[in-house]
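Given below, in the form of structure tokens, are the structures.
Two complexes, one shared chain (chain A), two partners (chain B, chain C).
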Partner chain A sequence: MASVVLSEPEKLYIVHGVQEDLRVDGRGCEDYRCAEVETDVVSNTSGSARVKLGHTDILVGVKAEMGTPKLEKPDEGYLEFFVDCSANATPEFEGRGGEELGTEIANTLYRVFSSESSVDLKSLCINPREHCWVLYVDVLLLECGGNLFDAISIAVKAALFNTRIPKVRVLEDEEGSKEIELSDDPYDCIRLNVDDVPCIVTLSKIGYRHVVDATLQEEACSLASLLISVTSKGALTSMKKVGKGSLDPESIFEMMETGKRVGKSLHIALQKILDEEESLGTSRQKVGFLG
Partner chain B sequence: MAAITMRLPVARKAVGPSASSRGGEKHLVAPGDTITTDTGYMRGHGTYVDEEKLIASVAGAVERVNKLVCVKALKTRYNGEVGDIVVGRITEVQQKRWKVETNSRLDSVLLLSSMNLPGGELRRRSAEDELAMRDYLQEGDLISAEVQSVFSDGAVSLHTRSLKYGKLGQGVLVQVSPSLVKRQKTHFHDLPCGASVILGNNGFIWIYPTPEQKDEEAGGFTTNLEPVPLSEREVISRLRNCIVALVTQKLMLFDTSILYCYEASLPHQIKDILKLELLLLIPFKQDLTCLFTVSSVQSSSVSRLPGIVHRGALNIASLQHPTERSAHEAGSDFIHICMDRNSAKRAAHSCFMGQQPGKVLGDQRRPSLPALHFIKGAGKKESSRHGGPHCNVFVEHEGPKKSCAVFSKDTERDPM
Partner chain C sequence: MPLDHRRVRGPEESQPPELWAAAGEVPVEGEEGEDKDAAPRDPCDLRPLFARAGLLSQAEGSAYVELGGGTKVLCAAWGPREAAEPGAAAPAGTGRLLCEFRRAPFAGRGARWRPGSASEREAEREAAAALQEALEPAVRLARYPRARLAVSALLLQDGGSALAAAISAASLALADAGVEMYDLAVGCALCRSPGPAAAWMLQPGEPEERRAVARLTVALLPALNQVSAVLGGGQGSSPDAWVQALRLGLDGCHRLYPVLRQSLLRAARRRDATAAAAATAATA
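Presenting the complex of A and B:
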């Protein structure tokens, strides 16, 4: 992952700042940087979103394609995750350099979405055992400025919110052969319910305290961090420790509590901005990549 | 309580070529734009010749020196010049030298022989010194240094042979584009708000608590590892966010602009400075007095901001001060936006006193400033005798809320 080198006194300054609840950029330990969210940025996807969190820049595209359901879940569709680390973000990602990180993030996303309630997969089923919608969620990492996981999960949720899947009907003729009919109206589509889609909150242990939304500099001062995925109701769906350091069980519980609290407000803020964007409708000026 | 804000992105405003506040004086180009088809010009940095046309290879402002045409890029890596003050990070320890990251195209070098030994000993560097190099400076350490020489390939050789240079202790580093750092006599500033900054010419800006005793600086080899008190931390964080805010607005960085932004940000919480709404507003807030912009792109966007235009009065005035002339010729507009009378006075004062703005700020900005009649006095055309440019000062638009003083000054160059 992209990382920065800091001198010892710089690290000390950051650690002391966290202890006093005043980080380098003036935030408290539980504050996020101001995020920028825009959906519907890529026209040839079913749903897309771009999230900028400080210097972290994430683009997510969701493409709905027809496929066959998995054998163990014949009446459900499924999600596929793929993370591409662009060499624009850091030269380290050149060639196959970003593959490891990409797989790690994709696996984390699979785990986060593994819970039954996160997305209503049954609604993605068209024809049990034969046809279902497969949602290919492609994450593109454009810039790394710390706190990748949170930004990615926010972007994934925004993109899923934006996803519109065309409505199809299954027609069966007398001989029993089935035919799939696509609705003529391009606006006739189904939307996903993203109320229970979890977001990841990364808590980085710095000194004796933990912070959310660590910058690259803060990540360099942190030995261990805890990734937890929280739903809008505050339910914890998965948890993962990253980093080479170890965590005290007591501090893990503390971090979980903080994560749940922060996660809830994160969902509220995200939902608010998504609703705001939707209410603007076509009157909103699209910014995209030239903004 | 966790504070989380999200917003929709805001599109950048396009600025037409005619939008310059100086009547299209500034020539802005994008890569590939034809600068001139006249073959009588010489090709300078940032340009190339194709089919007998001079074409820009970078985005920036065109500068002409006689027949030489250059384009000064707004966003660039650092091009070292002898005597520049830079802040850099050690990336490698090699034989008799350190490699330093200074945001230039090639890593800079700091030779063991061009640094002060701890304690300021003056002697030949021995093999023992070479072995102890990592004790002096190790990978990741930040240093302030001066450019000693520039090699033919553009790589820079640094030296720290003065007690003011050397290893940096606790503080915050902000990285900006080198073209946003204004060249000044001094780049080390102890700001009156309670912190110090080093504005490296290479765009690395170091903000640190003002050291208590100046004399015992030993080139930074004795690092103070005591926690920095919260009050100083707040000042440093605020300064950092102000600098970031100024940079996003592409405003020139120097002590005065930073201080004005700092003062304007005081009513807000530190973490709010970076939220875009405020970020767009802060430099243009009513109580902010001065803006110094790099190019007319910014100055025109300033004049387009509704909050300024709707006031009805012409609020933007160009003040050109004799000592600023070189800066102006180097391509930077010097623009003051005076929104209230006090600040206008202050701005005018610093300019008419024939001092560098920063110098005035340090000691004279807080105590009672000379009354307006002083400025009126200065407005009399007395300067023509001395061959200086004319200056006219007048007060305009005594609005219901705040009065706006507008200063205008003839920017005509005197033949002298």
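Presenting the complex of A and C:
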């Protein structure tokens, strides 16, 4: 991952600041940086979103394609995640450099979405055992400025909210052969219910305290962080420790409480933005990549 | 006509017959039937764990861990060796810990996984990353500048809680190799079966793990009371429920710790005895 090199006094400055609940950019320990969310930025996708969180820049595109359901779940569609670490983000990602980080993030996303209730997969089924929608969620890292996981999960949720899957009907003739018919109206489509899609909250342990939404500099000061995924109702669906260090059990419990609180307010803020954008409809001025 | 042996002459994909069984028919499996007859398991119950350190002659350190349900993990540790490319990943002044996790092709239940297939390799790499994150806090890497330590875990049989067993075995192997460590990392797995009032269970067996709606693996450094790995997910529940699960798991780690320590002591004594025997043979 992209990293910065800090000298010992610089680290000490950050750690002491965090102790006083005052971070280098003036935030408190539980504050997120200002986030920009825009949906429907790539017209070739079924749904897309771009999230800019400080200097972290993420683009997510969702493409719906028809496939065959998995054998063990014949009446459900499924999601596929792929994370591409662009060399624009850091030169370390050039060639196959970003592959390891990419698979790690994709595995984390699979775990976050492993809960049955996160997305209604049954609605993606067209006809059991034969056809279903497969949602390919492609994540592009355009810029890394710390706290990748949170930004990616926000972008994935926004992109899924924006996803429109065309409606299809299955026609069956007398001989039992089936035919799939696509609706003529392009606006006739299914929307996904994203109320239960979790967001990831990363809590980095710095000194004796933990912070949310760490910048690259703060990540360099933290030995261990806890990654938890929270739904809008405050339920935890997955957790993972990342980093070289270890954590005290008591501080893990505290971090989970903070994560739940922060995650809930994050969901409320995100939903508000998404609804606002939705209500503007086509009259919305698109910012895209020029903003 | 000569037969082309390279071509598989069956259908391209196979499907389990249960899928096509009439709905409502519950497939009766021998082991699940047994499960129903048995009294509900005590959630705090630990499966018997057998650990033995120092059994491979070629590796610097090695360990074998077996859990009651049939999980068998063999671990070997090598090092410290000179790092091939100094300072590639680790910051200057510390060593690197390389972890590898392999599954024997016959480890799992059901069809054999093709070794080297993409999904298999992906799963192994993920487990290796989890193993590394669990072990790194336990090893004093700062004492091995510009060196690398290697640990490889081989899962011989998967009977549930495989990653947890691999963590315990790998830290035993490192300790057996004489690597400087803060403490042993003890792994413990938990799972929650479906149902609204289902409790978390320690060290699930393979059938329990397959049916579970939520799984969690924790690793603890018991002497320091530091958690080195938390990895879990599944059906959402309140933080309090997860806290309870974590406490249960950490308690399990504390209870497993003496077993692992005993096995290390036994290995050291055995080594002393062989050394003494060799010395007396040389003087005689």
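Heads up, the rule we're going with is that the second predicted complex is superposed on the first by the 291 of 291 C-alpha atoms of A that agree within 3 Å, B and C clash if a C-alpha of one lies under 4 Å from a C-alpha of the other, contacts with A are read in each partner's own complex, and residues count from 1 in each chain.
Here, a contact is a pair of C-beta atoms (placed from the backbone, for glycine too) under 8 Å apart; a residue touches a chain by one contact, two chains touch by 3 or more.
Bear in mind the structure is a predicted one, so any value in this text is a computation, not a measurement.
K.L.:
After lining both complexes up on chain A, report clash or fit for chain B versus chain C.
P.N.:
fit
K.L.:
For A:276, decide between first (touching chain B), second (touching chain C), both and neither.
P.N.:
Touch status of A:276: first partner only.
K.L.:
With both structures superposed on the shared chain, find the angle between the C-alpha centres of chain B and chain C as seen from the C-alpha centre of chain A, to the nearest 10 degrees.
P.N.:
It is 120 degrees after superposition, to the nearest 10.
K.L.:
Touch test for A:114: chain B only (first), chain C only (second), both, or neither?
P.N.:
Touch status of A:114: second partner only.
K.L.:
According to the stated criteria, A:234 is in contact with first (chain B), second (chain C), both, or neither; which is it?
P.N.:
After superposing on A, A:234 lies in contact with chain C but is clear of chain B.
K.L.:
Is A:13 touching anything from chain B or chain C once the two structures are fitted on A? First, second, both or neither.
P.N.:
first
K.L.:
For A:74, using the defined touch cut-off, is the partner it touches chain B, chain C, both, or neither? Pick first, second, both or neither.
P.N.:
second
K.L.:
Look across chain B and chain C in the superposition and give the shortest C-alpha distance you find, in Å.
P.N.:
In the combined three-chain model, chain B comes within 10 Å of chain C at the C-alpha level.
K.L.:
Same chain A residues contacting chain B and chain C, which ones?
P.N.:
Dual-contact residues (chain A): none.
K.L.:
Which residues, counting only chain C, touch chain A once they are in their complex?
P.N.:
It is residues 15-16, 19, 122, 125-126, 129, 133, 136-138, 213, 216, 221, 224-239, 242-243, 246-247, 250 of chain C that touch chain A.
K.L.:
Can you name the residues of chain A that touch chain C in the complex?
P.N.:
Checking each residue of chain A against chain C gives 71, 74, 103-104, 107, 111-112, 114-117, 129, 196, 198, 224, 226, 229, 231, 233-249, 252-253, 256-257, 259-260.
K.L.:
Can you list the residues on chain B that touch chain A in the complex?
P.N.:
By the definition above, chain B touches chain A via 1-12, 89, 91, 139-142, 168-173, 223, 225, 227-228, 230, 233-234, 237-238, 240-241, 244, 269-271, 273-276.
K.L.:
Flag every residue of chain A that touches chain B in the complex, lowest number first.
P.N.:
5-10, 12-13, 16-17, 19-20, 22-28, 30-38, 50, 52, 212, 261-262, 265-266, 268-270, 272-273, 276-277, 284-285, 287, 290-291
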